[in-house]
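Take a look at the structure set out below.
All chains are identified by letter, namely A, B, C and D, in their written order; residue positions are counted from 1 within each chain.
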Amino acid sequence: MRAALLLRCVDRPGIVAAVGAFVERTGGNIVEADQHTDAAAGLFLQRVEFDVDATAAELRRSFAPVAARFGMDWAVHDLGERDRIALLVSRQGHCLADLLGRGALGELAGEIVVVASNHETHRALTERFGVPFRHVPDRGDRAAQERELAAALDGFAPDVVVLARYMRILPPWFVARWRGRMINIHHSFLPSFAGARPYLQAHERGVKVIGATAHYVTEELDEGPIIAQQVMPVSHRDDPGRLERRGRDLEAVVLAEALRLHLEHRVIVYGRRTAVFD
Amino acid sequence: MRAALLLRCVDRPGIVAAVGAFVERTGGNIVEADQHTDAAAGLFLQRVEFDVDATAAELRRSFAPVAARFGMDWAVHDLGERDRIALLVSRQGHCLADLLGRGALGELAGEIVVVASNHETHRALTERFGVPFRHVPDRGDRAAQERELAAALDGFAPDVVVLARYMRILPPWFVARWRGRMINIHHSFLPSFAGARPYLQAHERGVKVIGATAHYVTEELDEGPIIAQQVMPVSHRDDPGRLERRGRDLEAVVLAEALRLHLEHRVIVYGRRTAVFD
Amino acid sequence: MRAALLLRCVDRPGIVAAVGAFVERTGGNIVEADQHTDAAAGLFLQRVEFDVDATAAELRRSFAPVAARFGMDWAVHDLGERDRIALLVSRQGHCLADLLGRGALGELAGEIVVVASNHETHRALTERFGVPFRHVPDRGDRAAQERELAAALDGFAPDVVVLARYMRILPPWFVARWRGRMINIHHSFLPSFAGARPYLQAHERGVKVIGATAHYVTEELDEGPIIAQQVMPVSHRDDPGRLERRGRDLEAVVLAEALRLHLEHRVIVYGRRTAVFD
Amino acid sequence: MRAALLLRCVDRPGIVAAVGAFVERTGGNIVEADQHTDAAAGLFLQRVEFDVDATAAELRRSFAPVAARFGMDWAVHDLGERDRIALLVSRQGHCLADLLGRGALGELAGEIVVVASNHETHRALTERFGVPFRHVPDRGDRAAQERELAAALDGFAPDVVVLARYMRILPPWFVARWRGRMINIHHSFLPSFAGARPYLQAHERGVKVIGATAHYVTEELDEGPIIAQQVMPVSHRDDPGRLERRGRDLEAVVLAEALRLHLEHRVIVYGRRTAVFD
């Protein structure tokens, strides 16, 4: 199988040699390897992708002593396994349509198992793709809606939750449950224009470039570790409505990119940052 | 000569026809025309560039009645006239070197008449290009330094003042004196990372794109109307030092671009925004 | 209604004034106007968008004398009318999925009335969106397939034909029939890597940037007037397979952008070039 | 000192472990490491940067057996050593001014030791920076001029030769002499618009994006391995003169970037391609 080993530890001499020796002992052949030393933080991060005749469980057993020696945070993934993906959406459907389309064409390294929403708007679009749709409206009790939403997801046992323009703030217990596995698309180039109505804010400030940001969700709104960002030039001709329209393409592409990086196990979070080994 | 007519007024029918008729009456031939209607603000903005056998003074006289009819803010410029440019700089010299180089190659539609600085650092570089250098240090009396700086500039009667990485905040009276004619380069993609040490802020936030912003200076720090912005992708590999190094190319290019747009009379400020007719 | 007037003629004084006066006579209010003078070619191009209480037919009648005076090529469009769109596709479905998704979300200023293909591959995807699918295979007689394809389109009376990764070269008579109304996406930054397998060519040449190009189809393969191009940086890590995957996002976005520009009547072709008034 | 080890060999298991073990034996600490496997070519490429208490000569001796075992092409560089840089230029001075400015500010990891040209145009600019200028005109005998130019360079023993808009084709013997150490800037996005007058070609083709390409010079004109490319969007408004002006910024930035990558020993050439470990 093809395996991905991700690790993070305090930097010191010998790590690269030890990991290289480990892969050699397994009989594996490295197809991709990338590493990063954050000198200021004294941290070493590495991702190694290798072909090997062993299971993930076997690799975990044999790597554990190496990891212990260096005090690593680490994970081994079987890249052949496909993650189960849940999508949350509100009224804006462009990211949803984009991801459903990619799923239908086999372009995602995972499977969309459910779409849940606080609105009925995109039931038809979702069901066209044979994906279950769960409508979880707010009937006046916000906490109840949040519990119901979590239960709806739980029924599908997703590995990753994607907020594909889901426009409600989720409570800390919900965020904690999906820590490191919940991705949001914010329709601005964060940290510019955090919060509501970023295109209107961008227009009022008169910026010449707009952006979109995909990030892991944390308790602090719009403050989670950034996975991917892209930008496009705009001009005075772009009123808020046109910014919104033009920005939609950015949002869909950036969110799909971030999801791909996550599904391929290319992201290591450290502090408020990510290292993306792509 | 080649003239540029810039105007701004409340939008209503007939403006385009009236301006077109004016140019026709002068015997001029339009080589470039661009306009913008800000529907939300109810504003009409236009720039018309035309070849004409008349002086700027004659054009101003003949256009005044048209402008009065529509209540326009307006200006006529002779594009053959070259503006006098003053540069302010502190210790970082890359924008200075870039602009001096462009000046020496005849690429600026204006002439650099003086470089002033609170440090001696770039005297040699400046004088190599035959440009006068004025050192105006802070001897412990900030207000005195500011007055001395203004006097140093006044001696050269500049039309435009460029803050080419001048790292001191200027007082309101100084800003007011050069309103609409003082351009600053901020080394981030504003409004992200306003204030001090933007590359450090960008690194700490873990952004995947950095930028640079050239704007007119107003009393509110880093809040003036944006003329030009550019961005580049970065990654976890870029520590603050490397962000700074990579950002320097952006800063120089964006500042030169903004200066060009200003010198060619392509910018109309309205509210906190600019329309750039390029 | 909202009207768009597009015109092209030999440049000479008085055109702008005459067009402005025309709009004023109709009682229209200009919401957007843009023009271009190609000095080398001696050509003047203009697009004026205005709100007016008149039909397109009435506007055509009243503009005809102005057009005649200046010898204009011109057109008036009612921007409220929605074009009928036909899509041609082969085995790669990402542009198709993207356009169907946009159509379903109401983001296209037109309606997808049919998808035709030389393969059955994307029947299910298409029919999910309630759009008719026509399979027109090559049974060994190329000319017959081409005639059958044209007939399949004719049944739906499309205004514009979009080659959304249709991988067969169309004969001159087919191209002539849709001149100025058939848009192709080429998966490279033309004129680099025209012809077959552009990602393989790009990899072999070792470029650091790839692109996608949307253009009107002409008799000369990959030589038609370019409407839109976009690019992205790549590196030695991107083998042909990965270039192809990364390029798909570019292709979908560029094709959708070109189609939008066409549907909004923002493109004027002149010679081998386009002026895009956006 | 800080060392860079660059290597290239047929891919097989154990290389990473062997290199890691080598660095560990030297007592070095890896600060940056990057590698690439070209699966199609069966090639493995790696760059390792490490701090070590040894000379380059000592490292070369101790690495030689490892290299021999795997049949590597390889090099060890002391990153503290500064290369000697020669610039060739013709009439366009923007790349020259940019590099001289960077040199004066200490931004180059090397020293500009001479500027040579077939024109006198930029003597003053060069000498302002205290850099020797050699005028080597063509007096009607092309071969003689080429020999004279080579001799002028030889007198300064440069490590790298930069064609900073030197507009003459150099003969094979000249190219061979500087193989892998001579960098050219071509003012287009190669392979589009190779040869003369690329901005005119770009305008005639009506492209919507232009670019600049820095590459190692080989016997085949404009066909050498590409080190860096950048692009910018353009429109129908950009006539050939304006394309040329706007492109100058791209050219200067791309050439400086390529030179930096070369001086920091971040480029490995293989076939017609480069791997750039940045």
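We adopt the following convention: contacts are C-beta pairs under 8 Å (C-beta built on N, C-alpha and C of every residue); 3 or more make two chains touch, one makes a residue touch a chain.
Since the model is a prediction, treat every value here as computed from it, not as a measurement.
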{"item": "Co-neighbours of chain D and chain A - touch as defined", "value": "B, C"}
{"item": "Rotation, 0 to 180 degrees and nearest 5, that superposes chain A on copy chain C via CA atoms", "value": "180"}
{"item": "B-C or A-B - the one linked by more C-beta pairs in contact", "value": "A-B"}
{"item": "Same-residue or different-residue interface between chain C and chain D, half as cut-off", "value": "same"}
{"item": "Centroid spacing, where centroids are CA-atom means, of chain B and chain C in whole angstrom", "value": "37"}
{"item": "Distance from the mean Cα position of chain B to that of chain A, given in whole angstrom", "value": "40"}
{"item": "Junction residues of chain B - those touching two or more other chains", "value": "39, 237"}
{"item": "Residue ranges of chain B touching chain D (in the complex, touch as defined)", "value": "93-94, 97-98, 100-102, 104-105, 107, 125, 128-129, 237, 245, 248-249, 253, 256-257, 278"}
{"item": "Of all residues in chain B, those that touch chain A in their complex", "value": "36, 38-40, 45, 189-193, 204-209, 211, 225-231, 235-237, 239-240, 271-276"}
{"item": "In the complex, chain C residues that touch chain B", "value": "12-14, 16-21, 23-24, 27-35, 37, 39, 233"}
